[in-house]
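In this document, chain identifiers A, B, C and D correspond to the written order of the chains, with residue numbering beginning at 1 in each.
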């Protein structure tokens, strides 16, 4: 860590040097800001929806507008934010640094992947301008083949983003296999790398199927090919198989990077060797694999065969076991450590709390008999927000706070960050916990209004629960917003850290072997491995920032 | 840069040596092949399921395909696979001219393949053997014999054509339009791959002619080769599944 | 680096191509004899063999890093999962309640197709049909 | 527990509802235990081992595994999960095995109403009436897109597919009126596709059945029309106050009486009895400009008298609005 002041943010200069960059860190940053932008749009749509749902009638938006809002909210959050942007941002920035590599295996492909993401995003913006789309993010046929909204634009966008996702996955796989610095064996890899590796495997195996599904859907609209359209002798349930063969594994594309982030944050901020390294590493791979066998649990009421119902229900439970191993290992990592309550750690702890709720409610849904009651009610909505927002997004925010000083060489205001972390926790539970109750009482999802249910009592009950959910969603939105603004505010000029900074005293290579922000070529000298990523029992690195 | 001075100019800066670069590219290529297999895989799933549901539809519609053209195309593709492999073999031995020739033959084979496909498609378009909603073919005999009730009956008996007495209209049984949807999408996607392959082979020819590829560095050719063999491999399945068995 | 890479002898390539041509002939020939449902099994066996040969020799998997072969076999495995589990649905519907086994109207399948004959059983002129029969499903 | 059930769930009306709620409680309590282990463990460890002001940074323990503990991570969840699986499947099989002697009712979903056909030939719209303590087998199908037939009090739900049947059954053990929801997104008024389930004691059901379809015979046309307006679900798409939903408001239509209506193909048609009649029987043939071709046909669902009644009702609107 010599004193040259060159870093990837300032060298080289100029807008073109960013747009044509092959540097994984810069591509990662572009993903980061792209993702945050769409998170913001998706979040605004969510708040609008919450506002509309606060009262039973359709007084704020019309039915059609509401239907378009929830579809765009779901599709944007999933296809433009959590699937591409999180591995794209944190993964891109960190993977080569953690491997001691100069770059990912295929830098050009990496840039191409980002541009495909951009093109896909443009399609989505076009869809928003041209009046939206109302099929739900699941595009079930035959509704999606006859809807008059812009289904073509959306499917095209998803198709293109799918390729972006495939290229990222392919790139990461080659990188992990071939670009590790000498001496960095598989069991010395940081767990975040294992997580990205698992994610990438899912990305390249599942994503081609969504690509072909989208093609078939587009052809169905253009040519009426009839494969999924019952009017032409096709089978709509087959479409659901196609869709979920991708989209169930896709939920593990969303959560595995989050698992990786948590596996980094907890040992570092507890200054303790991670508990059960190999279990965590292998559970990543087994989750990735088992995730391919359970897609039919989204179709328990579709009329698929009883045999499939039983098979899918059975295998679904098995995802819970490796996941549980992770949860317990993270918890035990703190045992005999030195836990500091920094912002990343607060996010990680709230992840443990929220994801456990989300995951366990997944088990409720996996039980066929119970899922028949709960399917397509707000119980499912609450489940997936607990795992996606409470799991992935909270972990992502934690990771962002953890690696922010690394990526930018700036430190945010930690007190504000801590307050926001608590605000997110409270706001989140307040928003989505009531939705479990709504779902149990039968409130269906994708309902623009609920004023004519034939029972005043029921309407009043739903309205009260929806009302409190809406109230807390304001707190949630505000906390996330201030949290992100706090990060952005730290980027101002006057705020600078020493390039050698290691604020948490971490031992992974991106902290110990390069500057913050890193050198354009990552490492000034070939990195030499001196210790494992979690050897807090052998090595002390003084945190450069004390609270 | 930290490379020693001797590193060749085709080595990208982020690799340690040429071997790492070569191996990495190949691994990336194979990962890509996996995505290709699963893309086509989705269509194979559709094929399998509809075939299991409507075996008779597949049997009848299969008779409308021209085995000879399919067979010729199979032979053409296998030949092109051979020449592609030989192109790599030649470049490994630094026989640049030979390699170029082999690439050229491969390219011609691909062109021939697409030509034959074009003729096939053209014929089907003409007859109305189109995918989905646009399917309109009912068999040449039907159109001629239609006003002869007895013949209609015998035709119905033999050919799975349904004559609805109420509306007095003819329908084909068991939706052959879905067969044709699957046929056109699968062969069409395969054809698209052939066309992309042609572009890649043309690019290889340019690189080889310019001397950029040689025994010491032919990663591009190896990668395109893998792609091209995959195209062949998929056709190896499409041929019997569509043309031969019913 | 050429020393380090395996160079397959010309003879191998020619032999492989010969085998492929031969198997193509066999599969065509086999399709003309009626073996019942065994026809498809046989055809797929032959195609599988051919594919295996292409992958091992032409695509150099035999001499490659075993990782690549693993990836390839893995892709086939995932495909098998996709087909296999989907078929546990499509092949077993209606086991408990037979009503759900088949579509209500197998022919409906095609009900918006073009009527070929007019009300008296005479062929219609094609152009005209195209507009009438379009879109409107009911 | 009963209090909790009352709070958490809709009433338990079917014979299997109780079993399903119990399955819920089993998973629920098991989850609470697991959840508390995680959260209490986490909070305890985080506080016990927290880094206090003035502490030195030191090397920490190298402890990172414990075989017994790790085995428990697998075994305990495995046991819980297997119980859940067996229970879940057992209940599920109960839910799909239709008992003998069930009454078969055909249910058709169409945008955005439910149509019921009784075995004796009666048909109703959006109003399902069933006898108590009798298994009811509903055979579902759709005329357009996917819907899903959901009766929360029965804990029963099944997707409604076009060109395919799906089957579901339930039996009701308490008389009353309960909502039926559509839970598969089906377009603009998906949230308005709500039906009513009326459970009657057997005797009352028989009386209802005998009267169904004929009960309204003695009503004057206008009143019958007004009744049909909600009964046949016209109100999901047509209002009476002038606001356009999916279809034009009846008020607007009635004010156009005798005048020319512009259709979407550019032609126009005079609004009169014949036009209204064909609008109901063959709605796809004449589409009012600015609207989509989504109105289902009522061919076979309205008899002549009912058609007349609706027309008569429509005509009254104009007069009302002029007062």
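What we mean here is this: contacts are C-beta pairs under 8 Å (C-beta built on N, C-alpha and C of every residue); 3 or more make two chains touch, one makes a residue touch a chain.
For clarity, every value in this text was computed on a predicted model and none was experimentally measured.
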If I rank A-C and A-D by number of C-beta contact pairs, which comes first? A-D
Measuring centre to centre, with centres taken as mean CA positions, what chain is farthest from chain B? D
Innermost chain, taking as reference the mean of every protein Cα atom displayed: A
Using the average of all C-alpha atoms in each chain as its centre, how far is it in Å between chain A and chain B? 36
What is the distance in Å between the mean C-alpha positions of chain A and chain D? 32
Rounded to a whole Å, what is the gap between the Cα centroids of chain B and chain C? 11
Would you pick out the residues of chain A that each touch at least 2 other chains? 177, 205, 209, 226, 230-233, 235, 237-238, 241, 303, 306
Multi-partner residues of chain B (at least 2 other chains): 23, 27, 31, 34, 38, 41-42, 45, 49, 133, 175, 177
Mind pulling the residue numbers of chain D that touch at least two other chains? 96, 163-164, 166
Chain A partner contacts - residues on chain C that touch it in the complex: 67, 74-75, 78, 81-82, 85-86, 88-96, 100, 103, 106, 108-112, 137
In the complex of these two chains, what residues of chain A are touching chain C? 177, 205, 209, 226, 230-233, 235, 237-238, 241, 245, 292-293, 295-296, 303-308, 311-312
In their complex, what parts of chain D are in touch with chain A? 8-10, 16, 19-20, 23-24, 27-28, 31, 34-35, 38-39, 41-42, 45-46, 49-51, 55, 57-65, 69-70, 73-74, 77-78, 81, 84-85, 87-96, 144-146, 148, 150, 152, 155-159, 161-164, 166, 177, 179, 181-192, 194, 196, 292
Would you pull the chain D residues touching chain C in the complex into a rising list? 96-98, 139, 141, 143, 163-167, 284, 297
Considering only the defined contacts, which chain C positions touch chain B in the complex? 1-2, 4-5, 7-8, 10, 13-14, 16-17, 20-21, 24, 27-28, 31, 39-40, 43-44, 46-47, 50-51, 54-55, 57-60, 64-65, 67-68, 71-72, 74-76, 78-79, 82-83, 86-87, 90-91, 106-107, 109-123, 126, 129-130, 134
